[in-house]
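Presented sequentially are two complexes of chain A, the first with chain B as partner and the second with chain C.
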Partner chain A sequence: MTTTTAPTTATEQATTLQKGYVGQSVPRKEDRRLVQGQGTFFDDVRRHGMGYVHFVRSPYAHARIVSIDVSEALALEGVYGTITGDEVAIHTDPFFEMSVEPGSRIKDYALAVGKVRHMGEPVAAVCAATRELARDAADLVQVEYEPLDVVVDGEEALKDEVVLHDDAGSNVVWQGVFDWGDVDQALAEADHVVKIKKLHFHRFSSTPLECAGALVEYDKGTGEWTIHCNHQMPGVGAIWMAPALRTGIDRLRFVTQDIGGAFGNKICLHPQFVVLCLLARKLGRPVQWTEWRTDQHTANAHGNERTFLDVEVAVRSDGTMTGFKVKALDDCGAFPRYEPLGCIIWAQVTPGCYAWRNIRVDFTQVCTNKSPVSPNRGYSRMQHLWLTERIVDIVAAELGLDPVEVRKKNYVKAEQMPYETPNGCVYDSGDYARCLDLALELIGHDTIEERRAEAKGRGKLLGLGIGSTLDSGTNNFGQSQLLNPELQFSGNNEAATVKLDIFGEVVVTLGTVPQGQGHETTAAQVVADIIGCTPDQVNVRRGHDTWFNSSAGFSGTYASQFAFTGLGAVKGAAELLRDEMIKLASIVFGVPEDAVELADAQARLKENHEAAIPFMGLGAIVNANNAFLPPDFNPTLNHRYVCRPIFGVVDKEAKKGKLTLTYATQIHACVVEIDEETGEVEIVDYAAVDDCGIRINPQIVEGQVHGATAHAIGAVLHETFAYDEDGTLLTSNFYDYHVPHALDMPTLKTGAIESPSPVAPLGAKGMGEGGGGGIHCVCSAIQDALRPAGGAIVYDSHNPNHRVWEMLRDPEATRANVEVVSK
Partner chain B sequence: MRVEGTKELDAPRAVVWTVLNDPAQMAALMPGVESFQVSDERHWQAKVKIPLGLGGLKMTIDFEKLEETPPEFASLQAKGTGVGALLNMTTEFRLSEAGEKTSMAWAADVRIAGPVGSMGQRVLQPIVNQQVGNVLGALDAQVQKAKAAGS
Partner chain C sequence: MSEPTSSRAVSVEVNGETYELEVPARRLLVHFLRDDLGLTGTHVGCDTGNCGACTVHLDGLAIKSCMMLAVQADGARLTTVEGLAADGELTALQQSFSDHHALQCGYCTPGMLMSATALLAQNPHPSEDEVRVALQGNICRCTGYVNIVDAVVAAGETR
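Then we have the complex of A and B:
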């Protein structure tokens, strides 16, 4: 692996951050326990008398439930009980829907009620003495179905010939037009209009190492549930669950410890958890559910599938693109669980990395008989950014322009930062062209033509691809009001506490729910710098307990925002603690506060380091020896801070506003070789250049870049959730759904620049999602490689060997998708 | 999945028709039948164990004769339920005389839903082909047996 670190400041923007431990690749505090197998996951939690739950799932994609007979299962020795949709309908209310009509009329219960709408939908649950017995007993539950016609294609779903939700009366969840600038004028004034009939972003997902699950306890005396789980956003989970369970939010205590990855998949676990809560109450015993891998594939959460229709791009003769319009059709599967938020989240990155000023997106979301979707690494923006990158490459190819030059000509320039997009978002900082140069340098762009000729001699078609992508971070929930003006969500917040204990231990609790991102490490780095100790002296408590960790309404780990909100909260709390420690020391020393500094885990006089009080001394004074303190000074050495990013309100009419605050850049470049006979694609060179502002811990950033790249390469070449016409998922296991192995991964060359964010507390931007840069990049390279073989247009985000082979054999079929009208 | 073909059987059409329309003889043709119960002349039920990986897939299959035009044509629907699988099959055959022999054109539309349908797609086609071969071989033997018994 090659790491190229460019000059650390790529723009003139200033940051107030002084680097100490921040900026260093401090070894991750979490890794010792994890690599030694000492992590504690929800599945490690055991309770006396607990029962194990297995869900009875629909084999049909669409069917009416005629009857459910659980008697045989109940008769089995060791079976504690069952629950069906009928009971759920009595004891709970449907989850609230965020959409306007018709989507708002959808009734979504924790178990199927009356009808199943996707293969794998839970229709009942069985609880038994062992996990295996629960599974065997579930097989004895007799469910009689009356199969219904199935719709698995978004465009077909629009016709409403098969309607999933009778209450809604339509498959449309949400529809709206976003119109910024004047795209009609841009198209009228363009020298060329490039038209693309259809592009398709396929259905795939992340596959966390740890499947979903929970152990749920019910306290009959208080009516409270404790949910030991791996939910990644429990605050929002509780907002869904509590009203459905007809209880208060504080009666749902979520406890997480280590979590083995989530990627957004673990945001929408409320249906399963409600079933567990009902079972725990019904049976009077703790119940535990660990999702099977096949169930995770079949019915947990997929990423949004999106089809782009009737794209028209306005291009000037010099290659400047002035705007585009598109109809976007999003397929959210059977239920809009987190949706329709995906209908707006993409707008955080409306013009991608480019300076398009005129954009119209006619957006529709529909239900189909497939697994519901949930946020998935790069949620909703990835699909849109893939569109923008496809547009750029197709425009370049059709007009005979250099894709590198087209990008550089159209990129938002470093000197334009901060840059306001046509829909009111502000790109805070960045230098896309510089990142592209670095990426091209890493893959030896200047030798591409020689390598192309050499590969040709070996029967290989060589292509260069670029993926320019943004990772928008720090979500403004006000964007939901652009979908439904009645929603009372806006802004964002995150909490943390930092305290100094009686023995001088620095203890941090987070509002976030880390799943492997190294929050314990980076939080410790920030605190250490502020209060003058080492990260090892800072104990960041593992996991999250909603009863004991400080949290805010939007707490969680999602949307690439920990670097801003999570660490912003830590920084705020640590600064409050620092100020109080200094004041305390100044009283003890009898000197002004500005004569005291914190360093080496002590408060000491700046002018005389021998005069020092160790942290333990400060903690002891406040907690155990405070009688001598003046009456008007009541220190706690225990501080909570809520980081509330300032977005302002969104303009619901114009559909504009600051939808996110930070924009990390990822520019990927790769070289692929395609076997002319078989269509087999091999990535022979790959570079990823990241600019996430100040890197709190470069090694963790590097790890995120690697992970996001692997996800993207898996998606573009291997991973797809394919359904047959009956709605049967054909890739429900790791044999058919091939996640890239180490041997599938190219050697990654990485580079970085740092354009500090002028708005983020630490100058750091969230960057973990990666924006799908690898998908865009490999699609781009495949199209470049196919150029001499008929010039096929890459029209799908998923390009396994057989599709590439088809494009080789019949390039015209793809070229019919594109038309150029020149004036 | 649709499978179809033709098979020449060395027996008169009437003999073949009799074999194909006698539930007991039909049961003998099917692979892995553990029990067979006739409800009436148009409905019968079989409990079968389909060889599919480890242990086989146990299913209860309900048959319904949909249509028949003796001695030429019949169509049949089969609905099976088992752990992790649902079977839906419609099948038909058409018999025509070929001198002293009988030519049978047959077709079946087989659909398997549920996890087995999901996971078994790669192996389903060869298994179906294998079972079709077994059924046709057994039919041949059964027809010869009937022919011998009648002669």
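Then we have the complex of A and C:
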């Protein structure tokens, strides 16, 4: 693909004027160290006497382990020790499972015990003096396997002819029906029923450039482990790890510094980390593991693969869509781990951007002999939103409706906000139609037919695509109870501390675990506005450290929520500090509190700015010179605040409730050209319009839009985790798994509007995940381009050139998938 | 079995400092820089030479330090990302990366900077297309390249 030459244009349409630093594109505090190679990533951390760990992994997708012999490896000079699944089974308990039966009976240990269930599954680990030696020694571990039959297809797995987990007795992890409104009546009353037999959302992942890993130290005297790592959700990681290790959660200290991207893929690292903890204790030395790229692709974190079957959509003659039903089959690979949460997370965006009220989803999740999944940018909602966008485009194509008009007719309207969805979620704000207009304007929608004709003359089929998507943020863990009523998770929380130190230093610690989202910068913006200084004067400590005492049970960076919970905690702590600083100054000045203000890093009298105490003075009084303070005033200038979003309790019977609190919008539009001879797809114009409410830092927001769009374009055109029938992954490195390079990416045009969230502390919505808008958009454009060439239906989320070529050659094969029944 | 039994004395100049040390023959240049010299700004993002996070300059050429053994660099003059900002003064390109928000997690950034610095040395005013061609060996998973390309073009324009 070549690049476009159109200039990047940004249509900035801020609707809310900000004063202060919030709302400004303040330069990032993180950049100075990172552009000089002075960042500290986990692999940069060294300890005296540390050993390097290499995992011995299964070459088979499904096999019984007959024997493991580590004697040759142990005999190699420089090898410190080994560990196998048998030892793991003695020293740990299986990780807890979130599902009900039969999924709850699955036993998942840190290393394979008795059996391997996917290629690359760790069966043993070796620790040695160097990385190279550890790898050599791993080669010397003799494992005898007895291969078993393999199942790699979700629909095949449902038959239970090959069962992965004998304890469960079935491949089904979870099954349930979600039924809101009355879809049968909607279908009966519809003028047209559009039926789609099968749509498939493929496997891929964000593949962060920094692989996973950790350096783990064990303190024999206290029984504490320190885990220097890139885990992005340590709070939940610890909830998995501590019971498995038969220890208290206070014995696990997670430390993160700079992290080289995560995108959800660094949430399910607990199996590997438990192995490291056991090795560190067993060998009495720090142990370090850095995942190899091939191992990350083969056996760490794939996105959920989902097949949609027997879709039926109710449409009125005027193009109003009133509902749909579908059977969804989710393939979570060999172990559920974070699953079956994906079986409910999609319901945060049940109707997508549309106002249909009657929806039934019959959802089943199965295990297959493939890599386990983990949350992946747009987790679970992206698959469902892709379904809704495919439905809209297929309905439009089959009924001869304009894809723009049918969207506008069916979108939830701005005047309906806040809008309660059929399953009790509340879309807090937004204006989808306005975003669509902006996106269409950016790609020159009014000239599309002329460009279509011009392209035709060059042997190209030109198509216009639209992707309407939502990024639901601030997750209610109570939704887990819709899957398993016994689970004791609900609500959400995040913590931060803000303090004023002895020489006037403002120091912030976060519970969040940033991986490039600029939390140090945006937290400093918020604090600076509240306590009256500049972001440069605010020191936001890098990363997460359990010992900061600024974490809560759900601490982490995931699920598009920093703008709400992370900054909400920062705001709360900064306000407590501000109030105390004002009270302290009022006592010193002997004036009422309302006569004092904080500005220019001073507490001063509102009426006389010359009467001022610098921050240093306030810090010194409390920390070093406090004898004169009245006995009934005991300031700390050190505040911790936990942001607890208010969701209410979910209705387990009706499967209703506020599953998330904020809904950022992204509407994408693009123009593609398809070579009629080869099927090659080129994106020739692309625009993404974002509405995440108040943008704390517009430049950072735009960067997230760019990144999410690149992931989506990579997924729809290039990236796939493809398996052969033996369960061998065919795309285990960056040669075969082609992520977009600079030459693959079109120039991206961006626009923004701001519909402030009425529920978020700063009016700002989480928005980093992006909702897969680019996947929906490019699929839409390809289908539009193919319309004059037989009208193929885009049925898969992955559309490399060869698939497009097949759709050009045999459009009927895809059209057989669709049927319209009209009255 | 491939236990390292041989090693060799290597002399290299890195960021203006001369280093002479005995290095296992099998050690990759990137691991030599990171583990032996402690220059951890150079990163590893893949096993296959695709990602470019390990890009450094060897005698003025941008190379991937994971695709070369340390012993092959004997006698060479190397520059890593730590050597770009003399005395803590950011180069125009480094400043441009920050100004344009051309980095998010910062993991690919050292490699991007080394590839782009080499480009600007040869072609002080590259076009957008020339920048994209020059950076095709460097993978970024955060930015979609938009702001990286803008940053390099802008750095060229201000030279």
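By definition in this document, the second predicted complex is superposed on the first by the 803 of 823 C-alpha atoms of A that agree within 3 Å, B and C clash if a C-alpha of one lies under 4 Å from a C-alpha of the other, contacts with A are read in each partner's own complex, and residues count from 1 in each chain.
Everything below uses one rule, namely that a contact is a pair of C-beta atoms (placed from the backbone, for glycine too) under 8 Å apart; a residue touches a chain by one contact, two chains touch by 3 or more.
The structure displayed is predicted, hence computed values, not measured ones.
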First, second, both or neither for A:728, with chain B first and chain C second: first
Which superposed partner A:423 touches (first chain B, second chain C, both, neither): neither
Contacts of A:119 with chain B and chain C, given as first, second, both or neither: first
Touched partner set for A:374, first chain B, second chain C, both or neither: neither
Chain A residues touched by each partner, larger count belonging to chain B or chain C: C
Partner chain(s) touched by A:294 [first = chain B, second = chain C, both, neither]: both
Partner chain(s) touched by A:797 [first = chain B, second = chain C, both, neither]: neither
Which of chain B and chain C A:59 touches, first, second, both or neither: first
Intersection of chain A interface sets (partners chain B, chain C): 139, 294, 733, 735
Chain B-touching residues of chain A, taken from the complex the two chains share: 59-61, 119, 139, 294, 298, 724, 726, 728-730, 732-733, 735-736
Residue numbers on chain A that touch chain C, as the complex places them: 3, 5, 8, 25, 27-28, 30-41, 43-44, 76-77, 131-133, 136, 139-140, 206-211, 258-261, 263, 290, 292-294, 515-518, 699-700, 702-703, 706-707, 709-711, 713, 733-735, 739-743, 745, 747-748
Complex interface listing, chain B residues touching chain A: 83-86, 111, 113-115, 117-119, 121-122
Chain A-facing residues of chain C, complex: 1-4, 24, 26-27, 31, 34, 39-48, 50-51, 53, 80-82, 84-85, 88, 90, 94, 97-99, 101, 103-110, 113, 128-129, 131-133, 135-150
